[in-house]
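Chain nomenclature is as follows: A, B, C and D, assigned in order of appearance, with residue numbering initiated at 1 for each chain independently.
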């Protein structure tokens, strides 16, 4: 079995299994920890609070202008690499094929972005990730609260991005080896995902909803 | 056998002169060869000089588990011209399939040829070698292929494994590999081996490899023992459809608009990105065309495990998840373990917060 | 457990005698009380983006990374990861999350008390929607349980739980109230047996701003409300909440809720005090575990209702320009978004808004008990400097707010920095403009 | 001394800029070879067959290089065509085999195409031959 076959065969299977298993484990156990019944006299009904909660899910994506002066740079970098990553993962032709094969769907509607643009996005995204990393190291509060989780996640992302770019541009060795390294880093990401901060991809929805909901009940700012 | 019975052989230059081949004709031939090998054009004259000085080689061609496709390809490589003369020059002193002699006479001829060039001949192997049950799946003249290979390899200057079978086992070694077929390099470890894989290999690549060996010995090889001159780039790197890949334009089926427009065949399973060969530049049938130009993706025939890389029509990145049961099991287990973890955590919470709760309830 | 009851009995030295392991156990026990799906979601969500620092006045004023809000919640987070999170057994088994130790808690005392005024601005900035302030509040509760809350707060909380007022005063506060009434020629309705409305007062006003107390009396008189003050439930502040002690907070809250129930009141008025509002409006029912049989309203909220009902008539203020500080607990966290501005509008106040206003207003620097901590003085002064500059930037001549604790803070800052503005009470202004 | 020396060319060099990046890159590579030839006499060559080029790029290069004074065709197992481009020192060499199949095609940067020069081993042999001939003659005379 070649490295490539291993990476997209047994290892991918294992990684997907771990991913699904542990993500559900973490989410289910979080949401089953019990809910406190609140007894205060609320300003709004549960229904309209829920609507406000749903709005908060979207609203929090855009920072309040009051904070922008201090956070604009961090926001821009964060936004930048998130958009970059999603564009590459969801709209890059080889990835689209990967997802289609993974889920066994034909999905002819699924669009792709021309590779040339994806290449540019990739390089920009790596650059932004680099800035984010430097910022994490240089910015005092960020550095103070960073832990292994943050750094290791960045390492995986870099591995993934750089191996991907190398595979595409035919750098650093034979394509199938680099491709295998790329897929292996993806597998590592899948396995690491449920145990790491990457879970924010899932928690972001309930967390934003809750703050929107509870603040709406008090009439507090969201 | 020993080197005592060796015979002196003429140089290629002498043979060319005898046949009235002009020097510039020869130089032009070499320009073609060096171009094939992606050598810088400035090297042509030096290459020609080296080749002229080389002695006419003895070539022993040993077929094992093969289909004769590679030999067919090789014999079709040359238009009736100087190239055919080159082919005659390096012509085969022994080849089962081509020679008129058969049986004991053929075996005798082989031994004679080997003896005359002991330690200097080039051994070309074709086909995989079965190893299971002491190699009884393939025998010839009462000897197993493994034994024959060992014997022939002993006196060889170098071995050229022609075709994916001789190189990596090929179709014979495909799952479940009932005969235990392997490539030459799995058996012979003490001789220089050059793999020229393909199903079949490009004829020009075969002759190019031989000629370059004559001129300058074992060429630069990759980690699969293939000459880098021919196997240094992927099909994808050199493909004329590459720009469609770069622009994200793909044929989705063999009869759609994309296919008619000549877009990239990646999604239709083209193995170009992981296949190292020279089809995209040298092409086939004397430079007429090649599979991708004909509208079909590369099958990856010059790669190890050619037959076991998944369906030909599944993209390179595919052959992924097919066991939804496993995922469902993972999901179910995740839910169950998550719920159990929550129950345990809640129990732990009750235990831990006992004092605190008493405090507030008091 | 005997230690628990001792704590509640209020013996001053009880928590000082605790052994380190007892402290750890009690902190853990309090943290565990707050474990649940809601807190878990908050704690699991953090991506360490550090943005909350950019919302916090203490960080902005000092640029010291230890004041990053989410970092203040670390002990609680650590306890959660170790004991309640999905992978808690592994964290515990592999020692990835250590037990929260006394040393750590002691280290965090400054972060949880001195450098957090519970203003909740960090909860607004968090891109993940984490209730950072609430997580810090739980940290405080663990500290209080472990007997590690600042003595200044704990002693006052205990005193208030026992006697109804946080500290001995020269005269008991009901006495002070009566005297203020006499001085201003107002009838003080104190200790009526039945009344529709129970009104509380900030002890800081009783101590330092008698005008403000008089204004309250005057306004309720003019409205002809059926109200009373109660000696046993006069003080609005809740030092139990400041200290983070659930037990003491509950006892102090009960003084007011019990009195209101006895009165048969349908409404309890929280005076100009932000934390009192949070404690009574949003936490009383939760901490008592029951729905309250009366409504709780802040005085500005109540007055705005009266204004709308046409019962309150105000005359116009002329000339001066005003700035207004939105108290965090009332506005950002309490949801009183419009009431103060409705009142100001009715008086035709020429309001010059600050850059950070309403829900985004910066804290006065002294809320959440920070004003009571001597150790926090320097830190709060630095935060106040920033705030004063923002007020001056409005160009307004006069400065209003609606929280006595904020006034204490601004007065202190004004003295320290030779600030030329006097912090005025919105209620006092209403009292002067109220029409017959 | 300001007047320029006119180059003798048959077709003016085309404008490369209108063709695209690949042609530009090729032009720069040729230029650096040409500079080296000019300064040190070092020759160079660029293989055209091994470059994956689109037909329009290929024609772009051809158009850019233009046509110079010489255009020779040598028949030898198929035609070999050697063209001087509009830039002296830059040669376009194309070897075709039987059936017009292109064996090799390259741009050579040299004073004179290598294919046309006599090679050292050829010359060595020529020396021997001529000497043999002279000896034969002198023996015959004797």
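Just so we're on the same page, contacts are C-beta pairs under 8 Å (C-beta built on N, C-alpha and C of every residue); 3 or more make two chains touch, one makes a residue touch a chain.
Here the structure is a predicted model, which means the values were calculated and not measured.
When the C-beta contacts at B-C and at A-C are tallied, the pair with the greater total is A-C. The geometric centre of chain A is 57 Å away from that of chain D, both derived from CA atoms. Taking each chain's centre as the average of its CA atoms, chain B and chain C sit 78 Å apart.
If each chain is reduced to the centroid of its CA atoms, chain A and chain C end up 37 Å from each other. One finds 41 Å separating the Cα centroids of chain A and chain B.
Of all residues in chain B, those touching 2 or more other chains are 237, 338, 341-342, 345, 349, listed in ascending order. Across the assembly, chain A contributes residues 25-26, 29-34 that each touch 2 or more other chains.
Across the assembly, chain C contributes residues 35, 84-87 that each touch 2 or more other chains. Viewed as a contact network, the protein chains fit none of the simple shapes, being neither a path, a ring, a star nor fully connected. Interface residues of chain B facing chain A in the complex, by the touch rule stated above, are 222, 234, 236-237, 245-250, 252, 266-267, 273-274, 276, 304-305, 309, 314-323, 326-327, 329-331, 333-335, 337-339, 341-343, 345-346, 349.
Residues 22-25, 27-29, 31-32, 34-35, 38, 40-42, 44-45, 48-49, 52, 79-83, 237-240, 242-243, 280-281, 286-287 of chain B are the ones touching chain D in the complex.
Contact residues of chain C toward chain B in the complex are 1, 3-5, 7-8, 25-26, 28-33, 35, 83-89, 145, 246-247, 250, 287.
On chain B, the positions that touch chain C within their shared complex are 338, 341-342, 344-345, 348-349, 352-360, 362.
Of all the residues in chain D, the ones that touch chain B in their complex are 43-47, 49-50, 52, 54, 74, 76-78, 80, 93, 95, 97-99, 101-106, 108, 114-115, 119-122.
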